[in-house]
Amino acid sequence: MKRLFFPLLILTFALSAAAHYLHFGPVPEFILSALAIVFVAGFLGKATEAVSHYAGQRLGGFLNATFGNAAELIISIFLIKEGLFDIVKASLTGSIIGNLLLVLGASAFVGGLKFKEQRFNIHLAGQNASLMMLGVISLFIPAVFVKTEKFPPNETISLSVTVAGCLILAYAGWLVYSMFTHKDLLEDHEETQPSHGEPPAWSRNKSILYLVLATLMVAFVSEWLVHTLHVFTDKFGLSELFVGAFLVAIIGNAAEHSAAILLAMKNKMGAAVEIAVGSSLQIALFVAPVLVFVSLIFGRPMDLIFSTIELAAIAVAVLIATSISRDGTTTWYEGKLLLIVYVILGVAFYFV
Amino acid sequence: MKRLFFPLLILTFALSAAAHYLHFGPVPEFILSALAIVFVAGFLGKATEAVSHYAGQRLGGFLNATFGNAAELIISIFLIKEGLFDIVKASLTGSIIGNLLLVLGASAFVGGLKFKEQRFNIHLAGQNASLMMLGVISLFIPAVFVKTEKFPPNETISLSVTVAGCLILAYAGWLVYSMFTHKDLLEDHEETQPSHGEPPAWSRNKSILYLVLATLMVAFVSEWLVHTLHVFTDKFGLSELFVGAFLVAIIGNAAEHSAAILLAMKNKMGAAVEIAVGSSLQIALFVAPVLVFVSLIFGRPMDLIFSTIELAAIAVAVLIATSISRDGTTTWYEGKLLLIVYVILGVAFYFV
Amino acid sequence: MKRLFFPLLILTFALSAAAHYLHFGPVPEFILSALAIVFVAGFLGKATEAVSHYAGQRLGGFLNATFGNAAELIISIFLIKEGLFDIVKASLTGSIIGNLLLVLGASAFVGGLKFKEQRFNIHLAGQNASLMMLGVISLFIPAVFVKTEKFPPNETISLSVTVAGCLILAYAGWLVYSMFTHKDLLEDHEETQPSHGEPPAWSRNKSILYLVLATLMVAFVSEWLVHTLHVFTDKFGLSELFVGAFLVAIIGNAAEHSAAILLAMKNKMGAAVEIAVGSSLQIALFVAPVLVFVSLIFGRPMDLIFSTIELAAIAVAVLIATSISRDGTTTWYEGKLLLIVYVILGVAFYFV
């Protein structure tokens, strides 16, 4: 089966591309791209694992999260150009809760079925919690203040831009802190030991090349799949909010999903957490504020005011994910709890 | 005095029963049942302690919480049959905050006056915190979404039923997790040591029999007492919300109170926490969702939408109890803080 | 330069006093008192450090916080006498968030640039978190209940007075707990070691005298400076809320600022935290409730109902400060996060 992987990867990718660009129609396009995403996501998982073998769990997780979100950033920029701010916000919301609840939950659950307790760096867990809290605060404060009678409506954009600037400063500081000044404090202890199991099949450079390639393929296939979804949902009568926050986010994060779950199954929970939580943090502290500045360049400024139910969903996801990961360990039951909260949110969004 | 305990227990119980069934009138009924509750609660405390000697602190606490809530469940089913949904929700709210603030607070305070620091399993404290958070989230999300303009009112029951199903799944998972797959992780370390102090006076089977018997007696006397309360409160002009959330809950949880405080005084804080927090968890994750399904059977569906002040009270109680118990230790001052929050909530509910 | 300190302190203080009492006009008064505050704050910092050398970090921090807040209490009493309740609440809000975000943030940031990780007692951090939560709860509950339709408006004062009484009880208990029954548990471990660096220049009694003197001087100069601010802000069109919550609070807490930062730079983070967090706690659990009782004496009762944005600001500050300090360590990046949240709140208040 291992020998067939690369041929099948290329075949399904090519068929899915043909279906998209030659307009086979929504149903074959959906089936082919859904098939392709299984293989490209698997490819990305292998590449991430190989890179994290060379670069350490955290840097590997960071690279995976960054490449995963690059796709999301590009798609959102196109949406902002067309003024579709509500869909952008719904999909940012969906990404944050999808990563914190679905990706982290599935990783902890699947990994926890195999290993009794999975550990990761407790300092990192604490810092992640504080950063997620900053993300929630920076979305919550503008929403509360703007809803006050006394707030002048014409200042909404100024407040959003200031908050966006603060978030980018916070994110830049985080990179300096976690990659340079306090790198050692946040690393997983297992990395210093020789890795268990077989060494990766690829060299260091080939692994990095494959990581970039796999991410690009995931980005393309995700977009093709997302493109077909709109047609499907029109038929099934699902709301834009639900499609943006759940379907788009789940498929758009397929890369993170598969990589994190595969790592958790190899007991590399530190890297899985870095992908899931790190990706949420990037969305809240980097992608969202960058989109505000991009919208300024387009001359159609987008504010950072999320709706009450989006804020409630984000706050709830951060609260439970923080409570569960704070002690630096996960078990199957903690994964199940995260998945249950995801289902509750999914049903609530479905009815709206 | 020890010799007089059983005769007095039977005497006060019999007098209270006679007063109730022969309709002595509210004043004698109140006095006699209030007197009886002191003895039956004391009996339950002794039985719980004896069982937890044989079964370990956690299982003993779990049994106590379950028997204590069985009474509550039965009373609530009668109320639901009559469509008194508001009183049911008020009494569920009162049970949760009463256990987290009054029972846990009084245990930590009284135990803390005798012992400088009382320890219990820190893993259990963390898991309890996450589960309580799930309880708050599952009450908070429906309330927030249903209050949105976009939510179709006729879907309120569907959402409530889905959330109720999720909660029961979470609770079932918790039983598997805490009783089987991760039992050892959540146990108190003291249990492995030989117990200090004298062995219990009763055999294992007798202890279990007495636990069941004592719980039943508490359930009966509580109901007789609750029955008289309505008459009393009509005279004093207290609101139904206050009576449901405070008076009924305090008396209905008399069993948990006395058992938890007695255990705390013997430095078995692990069992006391299991009773107080475990009982709240059972209410939020088991009793409340079961009542939703029971209401479906009766053909008068009850939703899970709690009022803003009920939600605020539950959220506040969970926040402070979680903050205090997270480190796996309690002191007299932490108990005092919980009691103060209970008083603040009590006064606020009194005025409404 | 050390030799010039006392002459310059006395000179700038005297000039500032002359400017104030002889009415030099707002501009010279502002410049001279701003200059004086640099020296008196420096004097207070030195005195606090000397006292904490003799009394231990925590008692030193407590003394500093108390003297710092004494000034605030006195100013607020004058404002209550004139019925300016909104300004009092804005300045209480500003003090709490200023201490938790600006003072703690600047201390952790500046100290963290010099030391990789700064530690303080983890028990104290946990207790502080629970106490701050009590403060938030006691402001949150009245606001939520009073905004309910069912709450009788004429009971707002009764509820506020009860809550105020509960808070004072909690604060009194905290003093007993932290100074007597559990003093050893909350102390910093470094204190038992001989202090690094040179011994203080002053004797024990002289240090205490200087601490009192320096606090008084800071109180006077702060008031002179605050007095000029109103004139300035009228010209620049800043809102009363912003001036009360930010300008007045920053200048009024100059003493805490300088002392805490100086201590953090000497790696005495325990004392810096005690000043910053302890001062917030005193405001929430002691100064605010005392002001409610004072207002009763004046016959113009003030309630404890804060506005939504004030509550949101306090809740946010407590959440992030608690999340960051819970592990008993701080780094430069955690300080930066607190400062960023302060800036976000400052900008939001500026626009209102």
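In this document, chain identifiers A, B and C correspond to the written order of the chains, with residue numbering beginning at 1 in each.
Definition applied: a contact is a pair of C-beta atoms (placed from the backbone, for glycine too) under 8 Å apart; a residue touches a chain by one contact, two chains touch by 3 or more.
Keep in mind the model is a prediction, meaning the values are calculated, not measured.
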(message) Between 0 and 180 degrees and rounded to the nearest 5, what angle rotates subunit B's CA atoms onto those of subunit C?
(response) 120
(message) Please tell me whether the contact surfaces of subunit A and subunit C are same or different in residue numbering, using the over-half criterion.
(response) different
(message) Using Cα averages as centroids, what's the distance between subunit A and subunit C in whole Å?
(response) 40
(message) Where in subunit C do residues touch at least two different other chains?
(response) none
(message) Under the definition above, what is the set of subunit B residues touching subunit A in their complex?
(response) 123, 126-127, 129-131, 133-134, 137-138, 140-142, 144-145, 148, 150-152, 155, 158-159, 162-163, 166, 169-170, 173-174, 176-177, 181-182, 185, 322
(request) Could you please specify the touching residues of subunit C with respect to subunit A in the complex? (result) 116-117, 308-309, 312-313, 316, 319-320, 323-324, 326-327, 331-334, 336-337, 340-341, 343-345, 347-348, 351-352
